[in-house]
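Chains here go by letter, A, B, C and D, matching the order in which they are written, and residues are numbered from 1 within each.
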Amino acid sequence: MDSHSKSGQFWKIKQVTDSMALVAELCGHFYKMGWVSGTGGAMSVRLHHLGLIIMTPSGVQKERMTAEDMFVKCSDGSDFIIPPVKASPHKPPKCSDCNPLFMKIYEMRNAGAIIHSHAMEACLVTMIRPLSKDFRITHMEMIKGIEGHGYYDELIVPIIENAAQEGELINSITEVLEAYPRTNAVVVRNHGVFIWGESWISAKTQAECYHYLFDAAIKLHQLGMDWSTPSHGPIKRSS
Amino acid sequence: MDSHSKSGQFWKIKQVTDSMALVAELCGHFYKMGWVSGTGGAMSVRLHHLGLIIMTPSGVQKERMTAEDMFVKCSDGSDFIIPPVKASPHKPPKCSDCNPLFMKIYEMRNAGAIIHSHAMEACLVTMIRPLSKDFRITHMEMIKGIEGHGYYDELIVPIIENAAQEGELINSITEVLEAYPRTNAVVVRNHGVFIWGESWISAKTQAECYHYLFDAAIKLHQLGMDWSTPSHGPIKRSS
Amino acid sequence: MDSHSKSGQFWKIKQVTDSMALVAELCGHFYKMGWVSGTGGAMSVRLHHLGLIIMTPSGVQKERMTAEDMFVKCSDGSDFIIPPVKASPHKPPKCSDCNPLFMKIYEMRNAGAIIHSHAMEACLVTMIRPLSKDFRITHMEMIKGIEGHGYYDELIVPIIENAAQEGELINSITEVLEAYPRTNAVVVRNHGVFIWGESWISAKTQAECYHYLFDAAIKLHQLGMDWSTPSHGPIKRSS
Amino acid sequence: MDSHSKSGQFWKIKQVTDSMALVAELCGHFYKMGWVSGTGGAMSVRLHHLGLIIMTPSGVQKERMTAEDMFVKCSDGSDFIIPPVKASPHKPPKCSDCNPLFMKIYEMRNAGAIIHSHAMEACLVTMIRPLSKDFRITHMEMIKGIEGHGYYDELIVPIIENAAQEGELINSITEVLEAYPRTNAVVVRNHGVFIWGESWISAKTQAECYHYLFDAAIKLHQLGMDWSTPSHGPIKRSS
């Protein structure tokens, strides 16, 4: 029984370190996608059954991280693991500025993972319609990749205005999470996007769909087409 | 003789597992090309002499698959191999929604492999001419990469309208396969494209040519040029 | 002395096999650059001191080749090495359709390597000015990467019309090699480009500069700017 | 004490060779970003405490370098390490033409690393406004990645005119370093950009931000939007 429980401890620890390594690996992938260049962007994974939350560090090259670079928080926001200090020119470790925003999203949604991207397409899609309060698109197959949405549905993603500091976004994020109860993404004007899902797989694959749709919307806009309403010929609008 | 036939069995099994691994590897490649992001897209390979058909799973990250993730069907559509269940957050294995479409294409064409891509260029090329019933292009060297076509030929690929579910496309795919007996590709509006060939090499290399031509057509459209008829200066039209 | 000469033979053979492997490796690189997709494009390297010429095969996936896939010709065009036949679905080995064009370029120029690319930018740059007989650009730093050219020079690359078969281009290539004695590149309308240099390094790095300049020209054209004459503000024209 | 000091020597040497290898590795990365194609571009790292400066060679494929290819200079510009001569077709080693420009930047700024990029976006961003004396952008999250800048700030980067030889840029670079005391980047018209930081990390991550912003500016220009002043809707200008 003693050895059984010790073995249980081992597997718990391994789940944490494996997840830390996974976040590092995924960030390397997101870098190649152009989502986290220049140390921008962030990621978090929540280990529900362990009451732990992994977060990427701030100001660190996202494509050169290892498991060791990750912060691990308890559910109450207190520190569980702090990364070791690295030699100069590396800066002392600092948790992502998205920390309070990630905690708010976890509080208000049943998310298992959150991705914050600075992708050009997430940024530009808010600039081509500078007064819009949300991003809308319909009749694109990739909409089916977003939870609870079909091809004929109109996907609506709230856009909030940017602020000087990431932490200042907390009020507007809280508001849109209340105002848009179905949304699992929030776009920040001239900045990027937050996307979440019940697991890292759900967050990542939906993030790929959102970025695809942002990119399509910009390209359609450039081709002089309106992508937010189903007016593109002989296609049937859903009831 | 007994050992000879056993050895034959071994090579048959190895051909199946090698082909399963090849499909996983190729999907990783297609992901880098932007054809299968967000779990989108699919691939199938037919092993004629064994009467078996390999299909990718549904809703799985196409760039992170291994041979084990593949479905293998008998020619009559019954299951030969079902992938093992993976731990959460992976979903229980489910065969590609393209399954009935793939079977229909195998039935009506002598194909050895089929690729279904969600590439942006395959999607946008149908949106710039929302009422068009087919994609047309001529006088591009890459047309020579499509079976039975030369540089001066007009390549014609049928476009069908999209539907809420992949399976609902079966009637319109059947119709265009009959109406366009030479075509080895079908574009689905606001969705993507199906491309096939007598082998995985033929399907993949023709898919590369089709995506190149779609991309060129969009870029030419953006430059204000008409790419569907040979009106670009002193070039000779084939008889 | 006998062992010395045998050792000499060994190094000669090794140079050939190393060069065959290098061409395969470089083609994998060119594939990532978008120069040789869909089995398109080709490459050749000349081993002057051995009197041998390496050529890529026709209709083969350029990113999946190994040294074994290469053809090796003697200076008179006769076969020195023919690649082994591979199992289906691979086709029987066939030398590049560029073979006569490569031999003509080697005959008329002191080239050590030739690259034939199907890159989108090489194709489109001929389509935006369908009646132009040459591509012209000036006042771009990357022009300095082309042999014998400075920043203030006007780079001029002849454009020939495409034909149904690669071999039919031989007359027009011969003509422009005579008419443009300084050029180390020929663009083929709606098709691609041939680029050569005294070594594989010279051919590859100049090819990168040409592709960069083609891409810039298309983007400038799209931005409504004329890139062929130095009219972009307070810049000094060379004497 | 003797063995202690010898061990100190060892670590000094290892720091130099490690940094040489790092520059080679980073240049491979920059190549993939499109910053150093066709042997273009350059990089330098300064080892302050050792009084040494690493510089990339001239006319060498930046993605195929190893530590051995680097030049190492003393603070006074004299040679500390010269790379070994390689067999033909490699050229004899020659230090980057940026050498005097790098030395001037080190002299006038407290830089630990400098990157010189030929990226298309750095080139085009000077061409869309051919008479502009600087590049300006504001209200983009990625501006926060540039030292001393916030989201509401206007980032201003001086643009100098290009010259026939890299060395001829020294006067105009000196002038703008004096005229723009805050800048850690200088754009060269129709050529590229110089970017520096207190360490290789700072130089690289800021370079990523600058390239992102150049790219955004071109895309916004193409969409008919002015990116240099905060006129994009309900956004607050900083005091």
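A few points about this structure:
By our rule, a contact is a pair of C-beta atoms (placed from the backbone, for glycine too) under 8 Å apart; a residue touches a chain by one contact, two chains touch by 3 or more.
Here the structure is a predicted model, which is why all the values come from computation and not from measurement.
Common neighbours of chain B and chain C: there are none. Superposing the C-alpha atoms of chain A onto chain D requires a rotation of 90 degrees, rounded to the nearest 5. Between chain A and chain B, two chains of identical sequence, the interface residue sets overlap only in part, with shared numbers making up under half of the total. Distance between chain centres (mean CA atoms), chain A to chain B: 31 Å. Chain centres here are Cα averages; for chain B and chain D they lie 44 Å apart. Each of residues 222 in chain D touches at least two other chains. Chain contacts in this assembly form a single closed ring in which each chain touches exactly two others.
A complete list of chain pairs in contact reads A-B, A-D, B-C, C-D. Within the complex formed with chain D, the chain C residues making contact are 112, 139-142, 145, 150-152, 198-202, 204-206, 208-209, 212, 215-216, 219-220, 222-223, 225, 232-235, 238. Every residue of chain D that touches chain C in the complex is listed here, in rising order: 37-40, 61, 88-90, 118, 120, 123-124, 127-128, 130-131, 161-164, 188-192, 218, 221-222.
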